[in-house]
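Heads up, the next two complexes both have chain A, just with different partners, chain B and then chain C.
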Partner chain A sequence: MNTNTVNSKKAIAQLTIVRIIVYIILAILTILCLFSFYMLIINSTRSNGELQGGFTLIPSTHFIQNLVNAWNDSSINIPRGMLNSFLIAALSAICATYFSALTAYGIHAYNFRGKKFAYWFILAIMVIPSQVAASGFVQICYKFGLTNNYLMLILPGIASPVVFFYMKQYMEAVLPMEIVEAARVDGSNEFFTFNRVILPMLKPALAVQLIFTFVASWNNYFLPSLLLTKSELKTVPIMIAQLRSADYSKFDMGKVYMFILLAILPVVIVYLILNRNIIKGVTSGSVKG
Partner chain B sequence: MKEKKEKRHVSYAKWGLIFIAPFFIAYIIFSLAPQIITIYNAFFENYRSGLTIVGPNFVGLRNFVSLFTPDANGTIDILKYTGNTLLMWVEGAIPQIVIALLLAIFFTSYRLKIKGQGFFKAVIYMPNMIMASAFSMLFFTLFSNVGPVNQVIQAMGWADATIDFFSMTVTVRGMIALMNFLMWFGNTTILLMAGIMGIDQSMFEAANIDGANSLQTFFRVTLPLLKPILVYTIITAMIGGLQMFDVPQVLTNGFGVPNRTTMTLVMYLNNFLSGKNYGMSGAVSVILFIVTGILSLITFRSLRTQSEEA
Partner chain C sequence: MARVILKDIKKIYPMSGDQKKKKAKGKKTEHKTGNLQITDKGVVAVQAFNLDIADKEFIVLVGPSGCGKSTTLRMIAGLEDISEGDLYIDDELMNGVAPKDRDIAMVFQNYALYPHMSVYDNMAFSLKLKHMDKKEIDVKVREAAEILGITEYLDRKPKALSGGQRQRVAIGRAIVRNPKVFLMDEPLSNLDAKLRNQMRAEILKLRQKINTTFIYVTHDQTEAMTLGDRIVIMKDGYIQQIGTPQQVFDHPANLFVAGFIGSPQMNMMDGRLIKKDGKYAVELPGTTVVLSEEKQARLAANDVAEQEVIVGVRPEHVILTDSGYRGTVEVSELMGSSMHVHLTDVHGKDMVVILNDKKDFDKFTTGAQIDLTFTPDVVHVFDRTTQKNLEW
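Then we have the complex of A and B:
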């Protein structure tokens, strides 16, 4: 009895030490993750002179001034870039999510010849990197005058194997065939049933995938940088890369930090509001059970 | 009655095909056809020299031969860039997987009962959502010659002169690896956590009753049962790593400084593509496709054994 309590006391002490170490590791990682963004926010509040003057962790007062300077910059039209990015991201998110749900429902709810093949085919193409198609895609776009055409960045989203896979998994969990049968109104058009009855039942999954596909498109740099050559059509990541290639020494650094902040801000805001759903979405999509 | 039912069944099948049609049409137009054109063009000479367009002329395997021909200094670019890509991936992926595994165990441990898990998960996953090119530009400004990092080093008197982080291979690769680590370790943590929570709890209880300590439990129970998911995570991360582009492209302004030691495969592809050299870009794509294909095959094999076990 006595040795038992001594042992358990020892175990509790050990556990406390382990716990402290774990929290220290977590604190270090938290700082590592947040520090560069903290510096970004601080530096976006400082004037160019202050930024040249030295390092500080305390915000200054030039936030509005930097914002106005960045917003009205003559060479980098960031409001236009944000509008362009938003347009492409929103439309491609809707395309990718809607058609993935439609495809998943087509395979989930109907029996037809080649259904198994279609399913395995989509899984197989999931692992082919999109860059492999890029060369031919860019070539076609230049040949047929389809560069600077947003449809070339939006429509490919219709075939999004990863989103399809997520939707299929979700349907298997929440949409058993009995519900599908019940949802069908006799004599009503199947397409109508999908839009009016099935889609509302998929709302949580649709929301998660809308966020993921929106963010992926908002951040996308590779293909847009090859296809969008007109300056008024450029998206935010292209503008950020332009900032990098510009003559750096002549720049107002306060403005540069503000550009970077504006580029990531929309996603950060969405993330702050919806991070719980987003993190849940990460697991349910990629790992089975 | 029976006949009517069968009829209905047939008409439903039609709907399945209609619903999956847009996906396959879009896939053929925007992915499959471009992929075939990419591979086809790898066997043609097709580039611009000034204003004149050369080709397309069939040249057989000449594009591939020139890809693997050493330049004046005896380096074979594509091998160098493949090496850079894999090396920088490994430098980021090792800490990524080790730390993710540790965190996944901390978060799922019923003995530790870590508080504030929601907060920590939100923080470590956040860099994954950030625009890679903006994150990279941020690192560039922070580590530039007049940036805050150098200001701190000067103020503390740690170095006599400004440290030019972009003139040394080790620091540029280090920055790229650090960014990749920060962007992906949260994601890996969450995937591995799901894997650990999927393990039958009675396994841990049994190990506990048998008197196994935490380390024994980890190496004898958790790790072997987690292996399929771990393999899957590592290989998908490797396929992602082969596509590394935004971060090194923006950080080094597309040059892979210093001396192309941070140039990746996709940056190389991008150079040919922006120069409209479709023959060479096609050949690089084919190499990228083959390397990824080999890795994907391994992924599928590991996935299949996983589902057979389940």
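Then we have the complex of A and C:
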């Protein structure tokens, strides 16, 4: 056996060990991610009594019972709550993504005085905690009688510096100015260029941000709980909190887990719809790579 | 079809924040950084640009990177503001007019196709924006596709096409509009050498078919020579020479043009311009060449005195002789029908000689000494200080 063969065998062995370690880490991370979902599904099949009894990995038989209990609970209206949440989350996601992309495009494609300042000012907003900004916002809403109004939960989402930053970075990576210029020469006005040429090129980034903003808004408890007081306007997170804080005689953990399971279904559906666009690289082939 | 006039065009890019800070600190700002001049107003990318482009003329702007050729083209397109000067298309002042209202079409270096649209939609995009009838759009797109040989790809997306096919689509997108002026910004520089030659011929054919005014930007002197009715050679934002390909090749205005046009580039030798029996001659170590009558007349008309000069001779105009300007062979490149011999002359400068006679090919091994001379009508004489051609 010559030295080369020994070296190559050593290298293969080392590579195999590294791969095994990597796969073990990935497997642990995957289990950690999926474990909470698994537990949610298991717990939604268990009765309140069984849940009080402690932790188990084996499903029980109370799935339908929990579903019926949650659906028929008089203190909450699940279909209404899900519709409310969906309306707010979908509109917030659309507004935040579209207007952030538009802002990012403005900063990316145009040269104007104060451009750098505008960019850094928007980014600086990221460091302000949303709770700090919300305190003033809630006061204004109460002063002007704007509580119980969905617009107050949708419109603030338009100013989303995180989405703006993501879109700006994505544009820098994939959007050559020649395409914008080609559209200008072709006779397209600036707004038409953005809507018909630029937005389709940003599909993967838009899909990612739509999912993120949809999920963030769907799970948002803080602002809706402060601004929505009418029961018919309440969203899913408020209703879940309501179920959890029910008095001892009505408290049913099985019902709570079932509602949480139902609550994540729309998010899963939205993810499955947009997932295709994330993977699809629509921009390939537009310019010389 | 249109006449394009550029009058005293100047482009200044305003100073960046850092440059302004330097200025505020009292540092001198009127200087040259790299190629371009920097003044108090900013970086001067193009200046004193005067050009009258005739209707249906094919003009090529050529020069090295950063010379201002693309900036000039973009000013014509309306994609850059004109800092000073006037631009006329068909006698209409175009300075403040938006690109879409200039009736121009442009082909970009990296195609700039809309990736989410099919080839057909890419080509039809501008016509749809004009609210043209669908049937008319279809006729125009198919006609253009036929000219460019891309009919079979009309339903494909750009990513499913090769580089050459994409560039054809980009050209197709421009020709469907039947524009007054056709602008092309280095359209072939992303293609490989073989495809570039093929597309060059296609552009020539296309020009005959669509017969409009072309303004073409390239850094490739071969493209400039083969495509242009006239060539505009630029350097550091200034026009160096305007002329037909033959004019700029035969009578370069200065040392830069002489070196830029022609491949391999012109040989430059240190020599002396003398008057011998009342006639101008160039004196080089080992040989003296009395210039042709035509050159005599031009130099006399300029009242050129005896002086140290740079003598320029193209590699294809060098003649082998028994005793003359001596060089030592460094390497030889066999090109098939000819041989390029790289030499070092007596002053240690590099020279290239092109030999076409196959009988000579074996003689030039590394280290061999050869003697050269030059025919009187192809020797160029440049001022050592100004680098201008003394015949001009």
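We adopt the following convention: the second predicted complex is superposed on the first by the 205 of 289 C-alpha atoms of A that agree within 3 Å, B and C clash if a C-alpha of one lies under 4 Å from a C-alpha of the other, contacts with A are read in each partner's own complex, and residues count from 1 in each chain.
Keep in mind that, in the parts below, a residue touches a chain if its C-beta (ideal position, glycine included) is under 8 Å from a C-beta of that chain, and two chains touch if they have at least 3 such contacts.
Not measured: the values here are computed from a predicted model.
Student: Figure out whether A:V208 sits in contact with chain B (first) or chain C (second), or with both, or with neither.
Tutor: Touch status of A:V208: no partner.
Student: Touching A:V197 in the superposition: chain B (first), chain C (second), both, neither?
Tutor: second
Student: A:A93 contacts which: chain B (first), chain C (second), both, neither?
Tutor: After superposing on A, A:A93 lies clear of both chain B and chain C.
Student: Could you figure out whether chain B or chain C reaches more residues of chain A?
Tutor: Tallying touched residues of chain A, the top partner is B.
Student: Output check: A:E181 vs chain B and chain C. Expected answer is one of first, second, both, neither. What do you get?
Tutor: Touch status of A:E181: second partner only.
Student: Quick check on the output: what are the common chain A residues between the chain B footprint and the chain C footprint?
Tutor: 282-283, 286-288
Student: Mind listing the chain A positions that touch chain B in their complex?
Tutor: Contact set of chain A toward chain B: 15, 18-19, 22-23, 25-26, 29-30, 32-34, 36-37, 39-40, 43, 52, 54-55, 99-100, 102-103, 105-107, 109-113, 115, 118, 122, 124-125, 127-140, 142, 155-159, 164, 190-191, 194, 215, 218-219, 221-222, 226, 236-237, 240-241, 243-245, 248, 253, 256-257, 260, 263-264, 267-268, 271, 275-276, 278-279, 282-283, 286-289.
Student: Would you tell me which residues of chain B are touching chain A in their complex?
Tutor: 9, 12-20, 22-27, 29-38, 40-41, 99, 102-103, 106, 111-112, 114, 118, 120-127, 129-142, 144, 146, 148, 151-152, 155, 182, 186-187, 190-191, 193-195, 198, 229, 232, 236, 239, 242-243, 245-246, 249-251, 253-254, 266, 269-270, 272-274, 276, 278, 281-282, 284-285, 288-289, 292, 296, 299-300, 307, 310
Student: In the complex of these two chains, what residues of chain A are touching chain C?
Tutor: Within the complex, chain A contacts chain C at residues 116, 176, 178-179, 181-189, 192, 197, 200-201, 203, 282-288.
Student: What residues on chain C touch chain A, complex-wise?
Tutor: That would be residues 17, 77-79, 98-100, 104-106, 108-116, 125-126, 129-130, 157-161, 163, 166, 173, 177, 190 of chain C.
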